[in-house]
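The following blocks contain the structures, represented as structure tokens.
Two complexes come next, and they have one chain in common, subunit A, joined by subunit B in the first and subunit C in the second.
Up next, the complex of A and B:
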């Protein structure tokens, strides 16, 4: 999980155009400045590209924080 | 039976009283009988349309869940039928289309069949219900009576809030036993009556004078009219939502909050997260997100297409007139602009002190929303064009502040009339400042009776009792 979180941090830095961003499993739209629907779509798309996975629509609708995203990535990588 | 009528409050009191004699798990039966009675009393035709539409949706939901082979066709057919009936209802009702008169002259009152109170609200909820089942995010309901109660529940029937079936039906089956909800409900209903009769309806004549006066008004009074209408619309619709949420609470049911102090929004996108929340959630869940998800590889373009389609459909849902089309186009432009300038605005918010940046953003957002509402309120496109032209005309049309501005808004230049107008502004301003505190429910030991007595006194002293039963959003 820590490895996925580290990799995901890189994706977040790329999407948010910053090098200093440190995400945790509890990070969400209210704790990260600028995480709106536009950023959300870019995050999903970049995450899929980075981990070479494809999320379903239902999965995307259930992402409430970084923890949910990490769990979904983990599930896809196991299969 | 309208929300702001003596029969409705008698109905609410008797229903609330009766329900507390029943075991919690049996209350849904009483709510169903009362809801059907309430709608039937209002319009028997509407009741028949509602029952037919609910049963159609209920059995379609079962069919989608059980039939793996044809589920996609059943789903598409059902959505098409619901969207077509919604379109037909709007089309027949819209006098601008000409179809209205065509049907009447042919002696076929299609509007009587299709005119159904609350139709456009429960149709969206029905489409949401079968979509949730189709995408396996919800199980179909097993009991048609449960589903009928979900569609017909009198508190939310005519203008929402829009709800999701599983959440609401679970509450009907197990209403909250917390008695403080009854106090909260009564306070919310009183607050709604206050907002409607003391604030919205006192603003209505000033707004009507600006929007219905015809040509020859200055830009200042046009801007003031648009701003006052936006505030009136907020109080009118949030009053309706308060009464709906309050009435439901009396029966132990919590409905979705529809407003979250929208005039504090620092952007138009934030405004839409705080205004008519249940409708915007519906459009986000069933139009915006599915579309953007499919186009996600195009990132920014996906979001722009999502905004475009969502707001065009939202404009259509409000009405077929050209004014609603322009209103939706304006919001599309605002939101696209915000999407494209997101990083610039984020950097600006970091470099400019919040004490300056935030009030400035709130003001700009408010003015943009008011500008769009010029088209939302205008009765037709000719008036809308006239109002738009007035915006860049002389400030007071060469008449001076008193004659060209104040007396139009106040309805005359007499001291008594002006005092009345200032009083309305003071009540509105005072309420907006204290709104956060007034929305917090109080307990009997903590000033509930005092505050309720104070609000009721204000309603009787300053309330407008004429035409109070008409809510702006009931036309949609």
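Up next, the complex of A and C:
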């Protein structure tokens, strides 16, 4: 899980155009400035590319914080 | 001052209340409200306004995305007063400027809200005021609503929309013979009330006996759209193209059998995107609409057809079609104005087009021109169009640097002014760039060095959310062209 979080941190830094961002499993839209609907799409799209996975629309609907995202990535990588 | 007559769109609402009293009118996050219940809340707010503030004409309404927001707007219009939308996502500094420019002293809100020294009236829980037989003010010289758009001078400018403008708009949509709405229709209202297409999504159903659902304002609100379309069996949907871009990666998983109309407006729309969307909405008529705020919501439409759309597109952008009856145009270029031109800046006049901004600001955006022997006042849109052989208008681009972000009009000068104030740097440039997701993003360039995060934090206190740059790039020197002006093409390379 830590490895996935570290990799995901790189994706977040890319999408949010910053080098200093440190995300945790509890990070969500209220704790990260600029995480809105449009950045969310970019984030999902970049995450899919980075991990070479594809989320379903229903999966994306469930993402409420970074922890949810990490769990979903983990599930895809196990299959 | 325009010659105001009756206000049939408010009468249409009262007629719907009489005919469809027990049917649902509005569904918010809490519950479904029937026409009778909505009318009760409207009459309670009318009571408050007429008894306590008979002389106040400009009334602010805080958009709380609930029944009280829309009941307040209806009550204001039925009293012959003017609705001024207050968006809680805007910084207080901006809202104070809007209140001052619009002479607003009273604001209606269903929840606690603070803005400068303005008087806030809480509407939560209000119901049953004036008797059931109340009648709207028949002759009002006041605008129905006053919207503020991004101004090229750095200040927001007020667009007053009068009853006769709205009447013409609804006459076309409800009686024009093109669209058919009735009491069985369920609209989804996805917009904030400071965005004028909200008037279409909320009031078209209320004038025809249908109902509308409010999209919850969650962080990822767009994600809720497919869920509500399916679970509430929505029949009429209006979106800005950026919402469609947002959903596009999931088109293959989406299908909405009940949707009858799928409207778009607010920005350029790609034909390829519509081709894919059309498979998600197999029984829906797809309509691309066009219209600046100054022309009352939208004033042209194009009924999309998979076979004809490519021919009616320019560089893949769907045509904006033909103007509504009652709206006319001429094109102009640097040398001439006239009906003979087939390409140029689109200038509009007619029943839906305003004569002037609030306080007659930016008068250079209007011109007098004689059309068919009659002197008309035209609003010059800044949009470049071409007329094709079918008479459809094709959008070619802008005559200036104006940006459309998420359907909102953004004047770079407004952001540049704020950026200069917070950065202390005199050389700042703001541009719109197409993102990988297909939507337009606002980006800024500042000469010198600085802290991007800090500047954005300061800008959030001055500008509405849609005006906040997604990225600020610092350059030692902004590139100049041979005329000594900032070279925007060269700047694109730094994005």
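Brief remarks follow.
Here is the rule we go by: the second predicted complex is superposed on the first by the 79 of 79 C-alpha atoms of A that agree within 3 Å, B and C clash if a C-alpha of one lies under 4 Å from a C-alpha of the other, contacts with A are read in each partner's own complex, and residues count from 1 in each chain.
Operating definition for what follows: a contact is a pair of C-beta atoms (placed from the backbone, for glycine too) under 8 Å apart; a residue touches a chain by one contact, two chains touch by 3 or more.
The model shown is predicted, which means the values in this text are computed figures rather than measured ones.
With both structures placed on the common chain, the touch criterion links A:4 to neither subunit B nor subunit C.
By the document's definition of touching, of the two partners only subunit C reaches A:18; subunit B does not. In the superposition on chain A, no contact is made by A:53 with either subunit B or subunit C.
Between subunit B and subunit C, the partner in contact with more residues of subunit A is C. When the two structures are aligned on the shared chain, A:29 is found in touch with subunit C, with no touch to subunit B. Residue contacts after overlaying the shared chain place A:61 against subunit B and subunit C alike. After overlaying the two complexes on the shared chain, residue contacts for A:41 are found with subunit B and with subunit C alike.
In the three-chain superposition model, subunit A touches both subunit B and subunit C at residues 17, 33-34, 36-39, 41-42, 44-45, 57-58, 60-61.
Across the interface of their complex, subunit B is touched by residues 17, 33-34, 36-39, 41-42, 44-45, 48, 57-58, 60-61 of subunit A.
If you check the complex, the residues on subunit B that touch subunit A are 135-137, 269, 285, 288-290, 292-293, 296-297, 299-300, 302-303, 306, 339, 342-343, 346.
By the touch criterion given at the top, residues 17-18, 28-30, 33-42, 44-45, 56-58, 60-61, 63 of subunit A touch subunit C in their complex.
Every residue of subunit C that touches subunit A in the complex is listed here, in rising order: 219-223, 226-227, 242, 245-246, 249-250, 253-254, 406, 435-437, 439, 441, 452-453, 456-457, 465, 470-471.
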